Each structure stands twice: as structure tokens, then as C-alpha cells.
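Look at the two complexes coming up: chain A is in both, with chain B in one and chain C in the other.
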Partner chain A sequence: MKDLIEKLSKTFELKDVVFQRPDLSFVTVKKETVISLVTHLRDYEGFSHFVLLSCVDWIEDNLFQLTYFLNNPDQKYDLAIRCMIDRTEPTMTSAHHLWKQIATYQRELKEMYGIDFPGSPRLNENFILEGWDNIPPMRRDFDTKKYAEETFFPRERPKTNDPSKYMKSKLYPDE
Partner chain B sequence: MPEDNNINKFENPHYAKREVTGPDGEVFTVDPMRDYFSDARPQVHEPNSIPVIENFLNWARAESLWVLGFGTGCGSIEIPPLLTPRFDAFRFGIQSRPTPRQSNVFIISGYLAIKTLKRVVRSYEQMQNPKYVLALGSCTINGGMYFDSYNTIKRLDHYIPVDIYIAGCMPRPEALLAGFNKLKELIKKGKAENANEYARNFDWYKANQKKIIKDWNMPDYNW
Partner chain C sequence: MSFFKINTDRSKYPQPDVNGKLNIDLDSHKYVKLWQGPNHPGVTGNMSIELTLAGDEIVEAKTHVGYLHRGFEKLIERRLFIQGMQTSIRMCVAEPDSNEYVFCTCVEELAGIEIPEMAKWIRALILEMARLQALLRVVPGQGGTFGLGVGVQWGVYMRELILDRFEELTGGRVYHMFMTPGGVRGLLPDGFKKRMEENLKEIDKFIDRIDNLMYNNSVFKKRAVDVAVIDPSWVNKYGIVGPVARSAGFKRDVRKDNPYLIYDQLDFDPFVINYSDIYNRSRVRWHDLITTVDLIRQIMAKMPEKGQFKAETPNVLHWRIPKGETYVRSEASRGEYGLYMVTDGSDKPRRINLRGPSYTHAVALLEELLVGANIADVGAIMVSLQTCPPEIER
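After this line comes the complex of A and B, so read on.
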């Protein structure tokens, strides 16, 4: 694993390399180099299996963190490529030409985080939410509890009695 | 997030008005929203005025319960053991049918996303009268563990009328059988009149459904 990282760092600018487990590593690269690194790993390093594409909302830093998770089935190890993109105008190069299933992940990220992937097929169609008209729900500035209480019809909670007060009124009604 | 280039966000292409060429070359217009669906509101079916006949009818209704094979949420995994040899609901006269047109019991087996609620409303309206709804689990009562979810409805009885709530997370098939026995009691007493309640309060139910289902791209009446 370390050999591979060393080999890659000759060609690509790798930051924050984390050796999480013997068979799992994380690297952070610039937004522009992600697609070329993923293509290189797929074509020359045997990472033929695309595991997932996920997103983390770092609202304090005004960043989205995208993680491209790749698996090498022969060597049996995983490599995750992270990149940070701007949160106010989130746009990322589409990677659907590498693996077909990435288009589905990108549709999901578009719906749940509002990240745009220009050129990705069926990007603007409904994925899970139908007729959503608010800010994307997985963003951290979306208050899901407040939205649920306003939108749905919450059932009023039953009245509960504080046991100590109840027993006091029962045993010492004069006080 | 509003989009300009959303293709079918609020329009269903299956229901678009279109020109169709028949087998003999004749061209005619099809407007599915008007031609394929009834635009009649649901009717209230008053009980028979003779009590003996009504009691007999209710007894007959209680003994022919056909469950719609529609699973939502985690409770749908409780239905197969209920209907198969382990718990064998057939000894209570309960069987399942694959289509709403042929069934009269709707088991809402857990949480409902808005997307599922849309399908549930359609299926419920397509079922024949008299029809009964069993709601399973705390999710259908007050949202349960999805109390703060942006996409899960909190109380089912605002969208379709519910006859029996079976509490639990999830209720076991034994609880479901107890619920079915309770439903039979209600039907025999003539108290399971929720299909009529739906027809009477139709506007209220429709308003609630439309408040939640934002892309209402289907006909208002689906029978």
C-alpha cells in the first residue's frame, strides 16, 4: 500500500495521506486532479471496482468533501480519494464516463446536497424526493426537525405526570 | 432548490394528451387524465335499513378479508410469515391478493415516505368498498423513530382513515393476528365504516394529501 502511495506521489500531488488499516488508505487531492487520478488508478493500478461516492458537509469551512472510494479486487485493498469543493457554488467534474453507476451517485448528490455535475445523465430528474422545493435536505443548514414539525401533522404528546409531584399531591394534599 | 430545466418534475409524461394511431390507421386523441380515470367522487354506502340483513352482511364481510400485497417499511417482512405455515393466517380466513382491485384490507406495514404515500393513496382509492386499513408500528401513529425526518409522514390518519393501529416496533405476527381479530369484531359490530368516512371527509383528506405530495401529477380520483 505504501509503495503505491509513493509511486502515485511522484505523479500526483497527494495531501493528508491516512493509512487507516493495512488494506485501507485515504488521500486528499485537489479538485482538478481527482478525475485523472481515478482514471489512472482504474487503468494502470488495478482498481477496477468503484465502491461509492459520498459527500460530507463541512459547513464551518464552507466546503463539501467528496470521497471517491475505489477497490482493488486482486490486491484486496481500498483507496479513498478525497477532495474539497466550494460550498457556495458546488460544481464538480462528472465521472460517469469511468463507471456507469457513478451517474446514479451524482444524481443522489445533486438532490441531497445540490452539487452540480455538468454533463451527467439524468442529473435533474427526481431521484428519491419527488417535488422537493426546499434547500437540499442533507445540507447541515437544513433544520430537518423544524421542517418535519411544520410540514407534517405532528401528533400532540400525551400529558405526563411527574411522579414526585403526583405522589406529593396524593399523599399530602394540604401542602 | 428550484430548477429551470427539470424535465418531469411536475408533469407525468404517461398522462400527457397525445395522438394515437389505431390498428386500422385511424388517428384519435387520447387524454389519459380524462379518458382513463373516473371523475366521480367516492360514494357513501349507507348500511342496510333492516338490521338482520346488515348483521348478516357484516358477518360475511368479516369472514372474507383479502390483504393487498403491498409492503412499506420494515413491517413488510412480517407479512410473509403471517401468511405462510408458521403463523398461517388462512385459518382466520385471511389471504392475500396482488392487486388493489381484488382486495379489501390494506396493511400499512411501517413508515411511509412521501413517495410511498403517493402510491398508497392511489392503491387505497382503487380498492373496493368496504375496505379496511391496518396500520402497523409506531411510525404510522406519530412517526416513531422518524419523528424528525424530512421525508416521512408522522400520522397516517390524516391521509387515509385507519381502522386498527397495531403498536410495536415492529409488531410480531401474533400481534397482527390479534389486530385482525379485533378488526373482525369491529366489522361484525358495524363499526368499521372508514371507507364511508373517507367519502364524507373527502375534501379534508385530499387537502392533507396535496399539502404533503407536492408534485401531484396524477388524477384526483383513481377508481
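After this line comes the complex of A and C, so read on.
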């Protein structure tokens, strides 16, 4: 894995390299480099299996972290490529032309985080939510409890008693 | 040759334009829009497929999910690690133990905890039992999609036997939570192995009967052979994993490729076929059934009798895990099942993201496979991909 990272460093600007396990490493690259690096890994380094595209909301830094997990089935290791994008108007180059399932991941990220991937197929179609009119729900500033309290009718709960006080009132009503 | 004939005269079917998009004019009354699901016996779980039909042939299919969305990933961001464990396992009902394993392993890796040897063996045993009960549903279930219900009923009984063993070992039948960050909750009860062996003997007989009932049955063959064929070139393009990839000639099995727990000490070889139609995908799962029974026997024979089963962990109510991120995968009955976890030094995960096989199988792949198929085969195609909607919407 170290050899590969050294080799890639000659062409791409890699930062924050973390060797998490012998079969898993993380690298960070600039937003503009991601698609060319992923394409290079797929076409020349044997990373033919795309595992996952995920997003982490670092609200305190006003950044979204996109993580592309790629797997090399012959060498049996994974490389995760991270990039940071601005959280205010999040846009990222689409990678749907590389693997078919990426369009689904991008559709989900658009819906759940509001990240735009221009050109990605069926991007604006509802994926999981229907008629959603609030901020994208997976963002850290979306408060699930507050939303539920405001949106749904409060349920009437049965009257409950504190067991010790209740028993005391029943057994020793005069005390 | 498929049981249902495809009309060779394609002039009456919609033609793609220069962008590859089909020109489907619903006002022409040539086509029918039909929703298969979310409540439909031919759909695996709570999802639906929006089908556009020309006659009984599907010309376009779109997967719709969200009927079961419970926001688990978001909920877990607001819960302690130990509470997240109980929420995460409910992401997939069919095989919840894979969730337990990947969640616990992510927490242990990020917290720097090494689990004892005994815990590894018991975890492997639980994972194989979970695979067995999942396969006991899906293997005869493939026959059920063609109206061959008797195998399904046998399978339900056999699965109950394994659920009895789960109940004996963990106290729960469907959700077990026997794994916990640091190891497992206990050792095997006395006489567990003997009772498990009795159950496995019953299942051995069942496996032979299913072979006779389904794979030597001319009706099953007519309906399953040459239907929904997956080209080997699709495997990487669509992210196909597990038995579906193995039926297309790709020897993909996480237990062999990236051995975890004690799988490197077990002797097994994943079964591979070079032609992926419904029949062969089911056949691969039937062979997986044999392998799983064998692996349970191997684990019970090789595992130590006693030993420490849980490593020391901090107080789980005040457990803060240093900043970090990892991805842990395991082989579920459906294929690669992974979890991406990010921690930020607090007592709750910053982000978790589940990667289930159905995310690719039931959306991108299914939409492609259904085009040109007959409407009567939709249920069978879904079961042959072993789609599980909760993995998609989490």
C-alpha cells in the first residue's frame, strides 16, 4: 500500500495519508483532483470495485467531507479518497460515468445533504423523502426532535404516577 | 431459452432517442404503467418498482424506496456508542448479526481494543448461524416466486430450528445483540453443540430434498434458466458482490479476500459458476447453504471450550472514542456488508454509513435487469438478487 501511495504522490497532491489497516488507507486530495484520481485508480491501478460514496458534515468548519471508497479485488485492499467541499453552496463534479451505482449515491447525497452533482442522472427525483420542505435532514443543524415535535401531533399519554409515592398514598394515606 | 418468448419484431416497441432515452408516450395507450409494490407478494420487503409495460414485457423500470425510512444513521449520531449498537442492528431484519459485527468492530478498531480469541470464534459461529437462517429463507423462496410453495414451508420450519438455537444462546430469536463492543456476552450453554448438530442433520436432509424439489424440477428450470442474465462485464460496473458476483464467475467472498475473525483457520472454498441467470444464482446460494453447515461444524469442532470472552472496556455510558474513521466489511448471505464510521472524540459517532449489497443490486442493477423481462418474472428476479430495502434507505 505504501508503494502505491508513493507512486500516486508523484502525480497527485496527496495530504493527510492515514494507514488505518494493512488493507485500508485514507488520503485527502483537493476537490478538483478527485475525479482524475479515481479514474486513474480504476483504469491503471486495478481499483475496479467502487464500494461507497459517503459524506460527513463538519459543521464547525463549514465543510462537507466526501469520501470515495475504492477496492482493488486482486490486491485485496481499499483506498478511501477524501475531499472537503464548501458547506454553504456545496457542489461536486459528478462521477456517475465511472460506475453505474454512483448516480444512486449522488441522488441520496443531494437529498440528504443538499450537495449538487451537475449532470448526474435523475438527481432531483425523490429518492427516499417525499414532499420534503425543510433543510436536508442529514445535515448536523437539522434537529430531528424539534422537527418531530413541530410536525406531528403530540400524543396523549396515559397518566402515570411515581410508584413509590403512589404506593405510599395507598398504603399509608394518613402520613 | 426463456419460458416467455420475447417478440422479435421490435418496431412496435419504444425506440431510444439519440441520448438513449426511451420515447414512451403514455397517451398513445400502447403502454401500461404498473406499480409492483410496496404491498405486493412478489416484492421483497417495503419497496416498489414503477414498471412501464408494452404487452407483458417491461420496457422501463424504476425502483422506489423510502417506505421504511426510519433515519437510523441520523438517530445513531445522537446516541451513545452502546445505544447505537441496538439501533444499528435493526437496519436489516433478515440478517441483523452482520450489523452487530461491523458496528462492534468499527468501535473496537477506533478505540484500539483487541477482542479475545474465544469471542472471535463465537462471533464467527453467530455470523454463520445468521447466514444459515437467511439462506434457509431465500433458497426455497426462489421456488416460491414461481409458485413452488412447499419448499418455502420446509424452509420456515428449518429456520425455526436455528432460531431455537439463537434463543438458547442469546435469548432472542430475530435480534440477538450477543456481540458487544469488546467481545461477546457469554459462552455457549452446556449441550449447545449437541443440539446444534441434531438440527444440522435435519438441515442436511432438507438440502438434499431442496435439490430434488427445485433444481431437478423441469417447471423450475423452464422459469429460471436463461432469465435475467447478468453479463460478467457488469460485475464491476454495477458494484455486484456476493453470490450474484460468484454466479457470474467472480470469486468474491470477503471471508476469503480479507479474512476476519477466525475465517483464515477454516477450510472452505466459495462456489463459483460462470453463467449468472436466476437458476445459477439460486444454485450458488444452495451451495452456500452446504458450505455454511460445514463451517458451523468446523467452528464447533475447532473452537476452544472455555476462555475469556470479553475484553476490558471503559464505562460504556461515558465512553469517548478518539477522532478517527474506518470502514469494516463482512460477508453477509447477500454479499459484502460494510460500515463506515467516523468519530470526533465525543461520546457519540459523528457519522455512520452502512453499505449493503442491495444498495447497488436493487437500484441500478435491478432497473437494468428488468428491461425486456416478462412481468411474471419480476418477483423471481428480485429474489434472485436477494434485495433487502432497509439497507437502501437506512
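Methods note: the second predicted complex is superposed on the first by the 172 of 175 C-alpha atoms of A that agree within 3 Å, B and C clash if a C-alpha of one lies under 4 Å from a C-alpha of the other, contacts with A are read in each partner's own complex, and residues count from 1 in each chain.
Methods note: a residue touches a chain if its C-beta (ideal position, glycine included) is under 8 Å from a C-beta of that chain, and two chains touch if they have at least 3 such contacts.
Predicted, not measured: the structure shown is a model, and the values here were computed from it.
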### Query
In the superposed arrangement, does A:137 touch chain B (first), chain C (second), both or neither?
both
### Task
Please indicate which partner A:129 is in contact with in the superposed arrangement: first for chain B, second for chain C, both, or neither.
both
### Superposed model, chain A: greater residue contact from chain B or chain C
C
### Task
Determine, under the contact definition given at the top, whether A:119 touches first (chain B), second (chain C), both, or neither.
neither
### Message
Is A:148 touching anything from chain B or chain C once the two structures are fitted on A? First, second, both or neither.
### Response
first
### Query
After lining up the shared chain so the two structures overlap, which partner does A:67 touch, if you call chain B first and chain C second: first, second, both or neither?
second
### Query
Residues on chain A in contact with chain B in one complex and with chain C in the other?
126, 128-130, 137, 142, 144
### Task
Would you mind writing out the residues of chain A in touch with chain B in their complex?
114, 124-126, 128-137, 142, 144-145, 147-148, 151-155
#### Entry: Interface residues, chain B side, partner chain A - complex
1-3, 5-10, 113-115, 118, 141-143, 147-155, 158, 208, 211-215
### Task
Within their complex, state which residues of chain C touch chain A.
65-66, 69, 71, 73-75, 77-78, 109, 236-239, 241, 250, 252, 257-258, 324-327, 329, 336, 338, 340, 342, 350-351, 353, 355, 359-360, 363-365, 368, 393
#### Entry: Parts of chain A lying in touch with chain C, wherever the complex brings them together
20-21, 23-24, 26, 48-52, 54-57, 67, 69, 73, 76, 78, 80, 99-101, 103-104, 126-130, 137-138, 140, 142, 144
